[in-house]
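You will see two complexes here that share chain A, one where it goes with chain B and one where it goes with chain C.
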Partner chain A sequence: MDYFRPESLEEALGLLAEIPDARCLAGGQTLVAMMNTRIVAPPRLVSLRDIPGLDQIEALPNGGLRMGTMVTHETLMNLSANGAHRLLPETARQIASPAIRAFGTVGGALCHADPAADWPTALVALDASVHVAGIDGKRREPLAEFLVDALTTTLEPGEILTHIEIPPPGQTSAGAYVKFARVEGDFATVAVAVSLSLSGPTCEAIRIAVGGCSPVPTRDDAAETGLVSTELSEADMQAVGNSLATAIQPEDDGRASAAYRRMVVPGLVQRAITLAHDRASEARI
Partner chain B sequence: MKRTLLELNVNGELQQAPTRPTATLLDVLRDGLHLTGSKRGCDQGVCGACTVLVDGRPARACLMLAVDCQGRRVTTIEGLNESGEAAAVQQALAENGAIQCGYCTPGIVVALVDLARAGGGASENDVRRSISGNICRCSGYVKIVEAAVSLLGGKASDGR
Partner chain C sequence: MDGEAKLRGVGDSLPRLDAGDKVGGRARYTDDLFRPGMLHAALMGSPYPFARIISCDTSEALALPGVKAVLTGADIPANRWGGFINDETALAIDIVRYVGEPIAAIAATDLATAREALDLIEFEFEELDPVLTIDAAMADGAPLIHENFAEYEKRPGQGDLAPNQVSRQSIIEGDVEAAWADCNVVVENTYEVQAQSHVYIEPCSALAEVDESGKVTVWSANQSIYKVQASLSKALGLPMSKVRAITPPVGGAFGGKSGVTVQPITVMLAQKTGRPVKLTLSRTDDMMMMRSRHAARVRVRTGAMADGTLVAHELDVIYDGGAYAEDSAAVLGFGLLMARGPYNIPHVKLTGSAVYTNKLRAGGFRGFGNPQVTFGTEQQIDEIAVRLKMDPIDLRLKNALQTGDLWVGGQTVTSCGFRECLEQVRDAADWPTRRQAPAANGKRRGISVAGVSHICGLLGTSAIVRVLEDGTITLNTGAVDIGQGSDTVLAQICASSLRLDIGRVNLVAPDSDASPYNWGTGGTRVTYMVGRAVESAAGAALEQIRQHASEIFECAPADVELRDGGHVGIVGVPEKELSFAEISGRAHYVTGGPIIGTHALVYDGQEFDPKRALMDHFPFARIGTYVFGAQVVEVEVDEVTGQVEVLNVWSAHDVGRAINPAAVEGQIQGGVVQGLGYALCEELTWEDGQPTNPTMMDYKVPGALDTPTNIHPIIVESEEETGPFGAKGVGEPGLVGVAPAVANAVAHATGVRLTRLPLTPESVLRAMTAE
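Then we have the complex of A and B:
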């Protein structure tokens, strides 16, 4: 294996293009664990950590956020954010433990696309999009399309995820990330991320993503639309929780059975919406 | 596999070690530099026995590629021993009966030194969160938490 630490994106793309199975190295918190068990043996690693700007978070003029792929979980845990963007620190502090948060990156988590990981779920709820660079140019796509299947994204060999962009939070907005795991710091058995905004007492917009239960985070467009202009009553929340429990495609695994996951989804959805609703209502007063 | 000579800043000194390209920081510390205070429990980032500081942040030595640590400052339990920074934590653990087989202890000490560096005292929750990535098979954690709270306690619960 050879190893490079280029100082520009162009150089990195060139190095990746030279060898078919070359890989990016971000925080290594997943990749090195896989190398240690010999699940993967990349012929070349291209470390992204000296490429300028990739570890920066930038506030956009429209109120949105743009963060580089190398931003760590720890940095996001300490981010001071507004409204629904507070979903970012709330999610980050529920990931793994301090040492892994200090080096694991948000972009590495999205590229690995583990169905039980936290960022895919939280960032789909925030309607994030991703910027990808390749030797032939750049593209931008919604995160929900970037995530294709378990451990599979639209990344072609040699491409680099460079930035993640989040639209501005709504006027009176809030988010909530509710993670249900066997112990603190474990991967999610089920996780629910909610981002909503209120207009007076009624729901103006809402996105709900369920993680840990399907190859990619699950949303239910129709159920979300059904919540708009309601006051998010208990019956409304139950209805959306039940429809999400039907929409997921859970499997039995070491963390829980599929049936168990279907059983806990409605309660967690209700808990997450209630939290976000309460937070947004407080912001309104 | 071909070996290359790696230069790493460990405990304030530049050290050279011949290394396989795929070696982790833990491999180089233990086998190359004979700094065996950092323990190997899992090689998967799960147990925390290998915890060191990299650029001042707690890190899994088993999940850092050694080549990727060039240009970074690595501090191991041996370094914290020599500087005296680990002494207070070690004493608190010893006095509270928090050390049994001791395999997890170096990692726990590094994690708690990181917590102590943050300053401002720590609640029981802060302590539990700071060592949440460190597995101890002997103690049941209660004595470790008591030791850390006796040393760093004083802050009201942070609510989490």
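Then we have the complex of A and C:
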């Protein structure tokens, strides 16, 4: 196996193009563990560590955020953010352990696309999109489309996810990330991410993503639309929780049974919406 | 001794002797060791739960550059060893009996090569029908897991065993059948407990070297150099005098290293190659190849009178021993001895068996059969309290053993702080208030209790106290400190026996070429048993010091008094004083010879009373000196997820006397945390005989953030007359009552009693929603 630390994106793309199955190395928290257990044996590792700018978070003029693929969980945990963007530090805090948060990256997590990982769920709720660079050019697509299946994205061999972009938070907005796991720092058994904004007492916009229960984060457009212009009553929340519990495609695994996930989703959805709603209401006052 | 600092010894919360090295990263564990020319080894595990080995081709592996030896079952001596039944070999011979069972070993110049070569070994198997559950093992016509069982060497007195049965035993007192009629309430339940992985921080590891004469030296993580020596002697067909076992610092064991682990195969590789060989398991190999706690099914029927007087208790336990017998007979016997609990119950019938299955073999694990039965018994008592609308602590107090009462089997309990433990946890927990405390929104809240008992006296041990020329001391016991702190405690006992500061006591690391016999670290016994040997060996040295002093002072030995800081003098004559250095110098160079105090003993407590109890096939000649505890757990149960959050644990333990209170508290806290893992999340699982979670990613132990900060250890001192400075033990009890206390608290919170461990959120939620 050979190992490179290119200092530009172009150089990195060139190195990836040279050998089939060459892999990008971001934080290495999953890839290196898989190599150690001999699940994968890439012939080449291309570290993204020395490419300038990929570990930066940039505030966009419209109030959105653009963060490099190498931004670590720890950096996001300490991010000072507004409104619904506070979902970012709240999510980061609940990932793994300090050592992993110091090395693990948001881009690495999205590219690995583990259905139980935290960033896909949280960033789908924030309506994030991803920037992908390849030898033939660049593209941008919504994260929800980038994530195709469990451990599968639209990323082609030789491509690099370079940035993640998050639209501006609404005027009176808040988020909440409610994670349920067997122990602290474990992958989610069920996670619910909510991003919403209020207009007066009523819901202006809301996105709810359920993680850990399907190959990719689950949303229910119709149920979300049904919440807009409501005051998010308990009955409203129950309805959306129940519809999400139907929409998920859970499987039995070592963390819990599929049936259990369907049992807890409505309550956790209600908990997450309530939390986000309370936060946004406080912001309004 | 005016102006001198206080002597540090018994009763002081001294830091561990090894704390600096461990915290500073200087402690050198077995895997840190290196010998010139050393090879690295790796093991291949069986892919099938039960299969016959048809053929094996190792030629490709041997051809890989760097590979120095490949061993399979066909290449090793067929010497079998074991605890009660000699059924184990270093590698599977002809038949594999669990997934992960070592079937081949490779030594190579580096670890990566050794592991790579594993993939080049070609085995051909004929799969057999695996026996995966207790019921399948006991079914009529079940396949025999050990077809040559009848030919194995066995310890006598185990009776006739059914197919796939490893042991069957019973303890019967009174007349249970007749007693049910006297009961106003009878509770009957079946409890199931899971296999728990030891998850010691240091995976099993050994380094072996063979000299020109064929003498074998093995550095390894273990709980007893003498057990390693004995098992290696058996496995290798060598006299014990040709086997030297040394123990570097051990990174936890919890019972999992009480027998041999990877030592036999490591030695065989060293013998084969003529070079030193080191073998350290990966975490997954360790979880798949080594041992677990016994899963078990416990059927219990318990009856009481309307006033709460316990009358009858009938318990039948079946332990799943996995593929090899190991210590299963001892685990079963000890489980039965603990199955009545610390209560006066006149009629008891305690029966049980252990069976083979095609799964990882089960072995000793903190509690040693006790947590399994206590999960049943302590929930039974709680349920009786519910039915009788009695306070669960009051009910226990009403039936609690006291000093002078009889243990099941008829021994008199020599010191019993059980009542005090119950009273102390009740007070510390502010019990009446918390029993009524309201739950937060979306939660249910509960608090309850479990009683705990255990032993600390069994088997043999010895100690040597040598007085060096300058009057300082070298203490040698052969006891292995597996992280629990016994080195420090034994040094404290030695120091205080001689009225010296602990800084003047040097402790010898365990080495079978140098250290006197000690059965092992287990059974909560080191402080009590080895401590007794140390105290008496120090006393023997002191007698010699006294004799020298009386000769120098020209007075009667009885008039010689021991004074602080390594001095003796004449009673009533303060100015007449000699130092240990002066006396030891005389002994070394003038008369008498160097002062060496020794003491050896084997557990000498009361025997069981055959007139009182019928005990069939009980595996221990003598065992006893009982310790007690009471554990209160307060929980909050989430109504959405069923997750049990532990808010507080109060854990009171009768330790006789705390030699080192901080170390005692540490043992209690560690036991509670491991008990919470057992209660709430830890479970080894299999699917069709394949382990499904043998990694730290899939098998979850509680981490720092999952552990309540409010674990309140409470020390109760009952002063055991036979113990060193009154001490008993505390190694295991902190774990034993946690699971039933959690289940009792969940029952208090939700009204639902859960009878299967672990109490996962899913099992709790299902029970709550079915209520």
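The rule is simple: the second predicted complex is superposed on the first by the 285 of 285 C-alpha atoms of A that agree within 3 Å, B and C clash if a C-alpha of one lies under 4 Å from a C-alpha of the other, contacts with A are read in each partner's own complex, and residues count from 1 in each chain.
We take it that a residue touches a chain if its C-beta (ideal position, glycine included) is under 8 Å from a C-beta of that chain, and two chains touch if they have at least 3 such contacts.
In this text, all values refer to a predicted model and were calculated from it rather than measured experimentally.
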First, second, both or neither for A:Tyr260, with chain B first and chain C second: second
First, second, both or neither for A:Asn62, with chain B first and chain C second: neither
Of chain C and chain B, partner touching more chain A residues: B
Which of chain B and chain C A:Phe180 touches, first, second, both or neither: second
Partner chain in contact with A:Ser80 - chain B first, chain C second, else both or neither: neither
First (chain B), second (chain C), both or neither touched by A:Ala102: first
Which of chain B and chain C A:Leu268 touches, first, second, both or neither: second
Overlapping contact positions on chain A, where the chain C interface meets the chain B interface: 37, 97, 184-185
Contacting residues of chain A [partner chain C, same complex]: 37-38, 97, 180, 182-186, 189, 254, 256-257, 260, 263-264, 267-268, 271
Residue ranges of chain B in contact with chain A within the complex: 21-22, 24, 43-45, 48, 51, 54, 57-60, 62-65, 67-68, 111, 114, 129-130, 132-134, 160
Chain B contact footprint on chain A (complex, rising order): 1-3, 5, 25, 28-29, 32-33, 35-37, 41, 45, 47, 49, 74, 93, 96-100, 102-103, 184-185
List of chain C residues in touch with chain A within their complex: 115, 284, 442, 639-643, 681, 685, 692-693, 698, 700-703, 705-706, 760-762, 765-766, 769
